[in-house]
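One structure follows; several queries about it will come next.
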């Protein structure tokens, strides 16, 4: 039963461009991008117990670097992507050194502050970033000579990247390092007493999450072909965080589901419901009251209860 | 005690710690030989657990030195001390409640291995670790529950699991913080036997309130009160000491 | 010289406003360990209540309106606490989700009810004329605001330090399990403090109105300021919030004037510095 | 890849399985209504303008029984939330799901810039409202026209008026710190200094500035006037604090096209009286078309239409003119675009023409806040006819320079 569902889901995901209109294909591509971003944030929030309100930094910086390298310096997409990823990861490594001095609300505020600083720089340093006008004229790469201009081609590109990201992050959290990460989240003192270096475990995770944030940032800028300081804003970080929590932090599928929910409410339902902001708020309230751990764990529990009743 | 410090398992010299104005450790010095069984006693608030936390590295002392087998570990982090052979249990049980017993113990084993940095192989795929974990669980009589979640355990079983996690690491120095607290008589006997069976390769330092049981296990005893060492020496000597009586009966 | 005095006064008045804004947040965080991200929305709700009430009933007094708005927002806050937050005591991520969700609801409701325009809160007519002091001109209302902030600080100090309720709050802040054990009705205390915090935010919204006006987005502008003040001053410390407010007032005012190119990051750089080197904030206590 | 997919889709078109894609396929060319998309920020900080944009366009269509040039019109309004990425998705929705024939809006420059490449690629006739200079200068799109004004277009006449009529010599500018504010101040500065005036201080305030106190206190009061280049409600809040500090008696205030817009005035009091601003519109404009629009709008919504409401009404008028020219055949996008650009349409702001970059050439009005029938209005005190985005400058020379910004043209007369 479960496998049939998964196979069905995979088939739909794979073949979507054959039966859905461009708008829906594009919407799905955006969901994959948001899902990668949410998954990378979940490494921190869900598996590391580090609630970050500045994760958009990595998405935004990667996007900006790639955009600048290709439009301003005429670099090839491959080289630009490499510089962008390396630069973003280096930044995450540095930010981790600062942010991990604090925990809890302090960590949240310091990540927020760091991302605000980046936002301020992107906004204000207009001779480099073009400030509030953003950067236009960005192209999409052509991996192996395949154009990504059509919605379908980009969709498959995003799908493949999302699958790779999902698998790699799943492997990461299931590995023995992932076990240490969860241990550090739950009982940092005990983990230290057992010989783990909690700081290092957190820092490595912070950098790794930055890496996947950078990947989602590249997809983001390829998709939008435009970049603006809002992509670095607290709102972007907060939206991703809300998606992670709503879907179920610390689960593998939850953040993807949550990210899809937020994205669909914002971009799709908003065409039918004028007061979509209020709806978003009400949905969050509802989720927390009915499924305090998030949608995915909530549904799992429900399914388990139903199964028990039927057996 | 005129033992050269390099041959001591644990040596604490003139340790001081204060929280604000409250002095919780005052000039504490201890010398513990390899293989020794040391019991630390004292009334509530005597600073026993605070002393443990400084030895394990969870707390930084304001001044003083801590040496393990001659090496100064005062400025080392808890995990660095663990790699030098220090292991501990907690007065308030600290386990990974959502995971299985097997996972808890395996994690304890993993902590000292380079493969803890491994980012692609699942922990459960390390067969030799799992085997080792099972052996340890067997030694504390919990093998039959290896696949169960910690949250299903009874209190006494959790205490034994705490012990198993520490023992799995084959520590050179083991700190036990009230391993008998909250146990029934039957469980108490079980844990007592367990502690008694620990190899002499391991030096054991134990805080315990239950004197009847604990004294049997101890070779030497340190009495703490108000953060100071009041009496320190061979077991019978300390029991007989006037000051011990004062602390326990006079107070 | 005039520059320094005028901008100094500006810093003070901004500091006063920030204290009115953040004291409620600090109070709630101190006792409940809850980062109430609805706080900005409560503040904005107060401003809107003030703006609308005083627009529709001319002659309404600003101070009366502030108290009224405070009571209404406190009641709303209380409802929110009773109906939602009580169920999330040990779920900090859930708290983030609902408090932000609630903020979305409130700000969208304001947009529906009162539109997208800025609506002014009139300055009381007897405070409209600028004060002239030693040849300097300064808005009278801003000076009064500093006085109100100081009065509010004293009032809160007395409440916390000298009353039975305050004693219970202090006990709860120190150790809520212990407080429960000695028979303090912690759950009811939470509701009272949440109402109080929300109420102060609502009243502060009205009092800040003559300077800020009610407009969509006011909540998002104010929430980070409250967070910065509380983090800088020290979590859960009212004294810290008080000092933090004025520090931020000075940093913001002089920072934006002297280094306009840093206007966007001037508040965040010192915060990064403080958290990195003193995670408990300037006046926060160790260990918590 | 795309082609085979399209074929695949069309084979499914009749089947219900294609219901997701059907909006794009169920309408045969030339039949059904003309679908007009409106991109407006109806939530977020820009909501005030976005709401007015929708109200006015809806009113325009309703007055014509939702029929333009004899063909039914369907209006689809999309909320951009004032966020570039959302604006893009919403544009895709309008184009790919709703299959609109043309688009009106969006308001903010960053929204327009986020979608312009896409609209050009998809060849969607767009009647823009945003003011970003370069969209009709160094980077024009054949599919984009602007009927309102570039950021700077309205400031040239004001600079001229300030020099010649008001005899100002020294001016302080204060504006929102984003491209619109920079461009507006740059244009004003250029024309004012070319005419012999001096800009002695330029202040840019962050868009989200709750308290303007520290900025107000910096204003050099020895200037003749203060030029206010704000958008949305910022001008309103700045002015209130300006007055609090007792500055209104010391220095005159003049403003750009959004500083004292009707949407701002409706919440202001006597403090606004006498302030002179410039715009391509005023609710008090005395022409027959505006006489039909402004009072009706006022009657229905209880306030005067301003920049935002007028912009979409105006767009409606230009669109109607073009549709009449092409006999309502909106499917022929090239013809529609050519008709929009080629027509000279009489509108509520006067006669509208386009230059070859797609930017409007039209009247700009100097207005003064007065009280009329108990409310504040922008009374027109002078009309500058047929103002081009290049003002009196040579087009080629103009385009050789970099686009206006915070630092260009450099301000040489700043006093420290």
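For clarity, chains are labelled A, B, C and D in written order, and residue numbers in each chain start from 1.
Definition applied: contacts are C-beta pairs under 8 Å (C-beta built on N, C-alpha and C of every residue); 3 or more make two chains touch, one makes a residue touch a chain.
Keep in mind that this is a model prediction, so the values were computed, not measured.
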Closest chain to the overall C-alpha centroid, by per-chain C-alpha centroid: which is it? A
When A-D and A-B are ranked by contacting C-beta pairs, first place goes to A-D
Greatest separation from subunit C - chain, by CA centre: B
Centre-of-Cα separation between subunit D and subunit A, whole angstrom: 35
Rounded Å distance between subunit A and subunit B, as computed from the means of their C-alpha atoms: 42
Rounded Å distance, subunit B centre to subunit C centre (Cα mean): 47
Determine the centre-to-centre distance between subunit A and subunit C, using the mean Cα coordinates as centres, and give it in whole Å. 32
I need the residues of subunit A touching at least two other chains; which ones are they? 123-124, 235, 277
Going by the touch rule set out above, which residues of subunit C reach two or more other chains? 108, 111, 220, 263-264
Could you list the positions in subunit D whose residues touch two or more of the other chains? 43, 177
Which residues of subunit B touch subunit A once you look at their complex with the stated criterion? 56-58, 77-79, 82-83, 87-88, 90, 94-98, 103, 107-108, 110-112, 115-123, 126, 165, 169
Residue ranges of subunit D touching subunit C (in the complex, touch as defined): 43-51, 177, 203-206, 208, 210-211, 213-215, 217-218, 232-233, 236-237, 240-241, 244-246, 263-264, 266-269
What part of subunit A is in contact with subunit B in the complex they form? 171-172, 174-180, 182-183, 186-187, 189-198
Residue numbers of subunit C touching subunit A in their complex, please. 29, 35, 84, 87-88, 91-94, 96-98, 100-105, 107-109, 111-112, 220, 224, 227-228, 231, 235, 261, 263-265, 268-269, 271-272, 275-277, 279
Residue positions on subunit A within touch of subunit D in the complex are 17-24, 26-27, 30, 123-124, 126-127, 131-134, 136-137, 150, 152-153, 224-226, 228, 230-231, 235, 266-268, 270-271, 274, 276-277
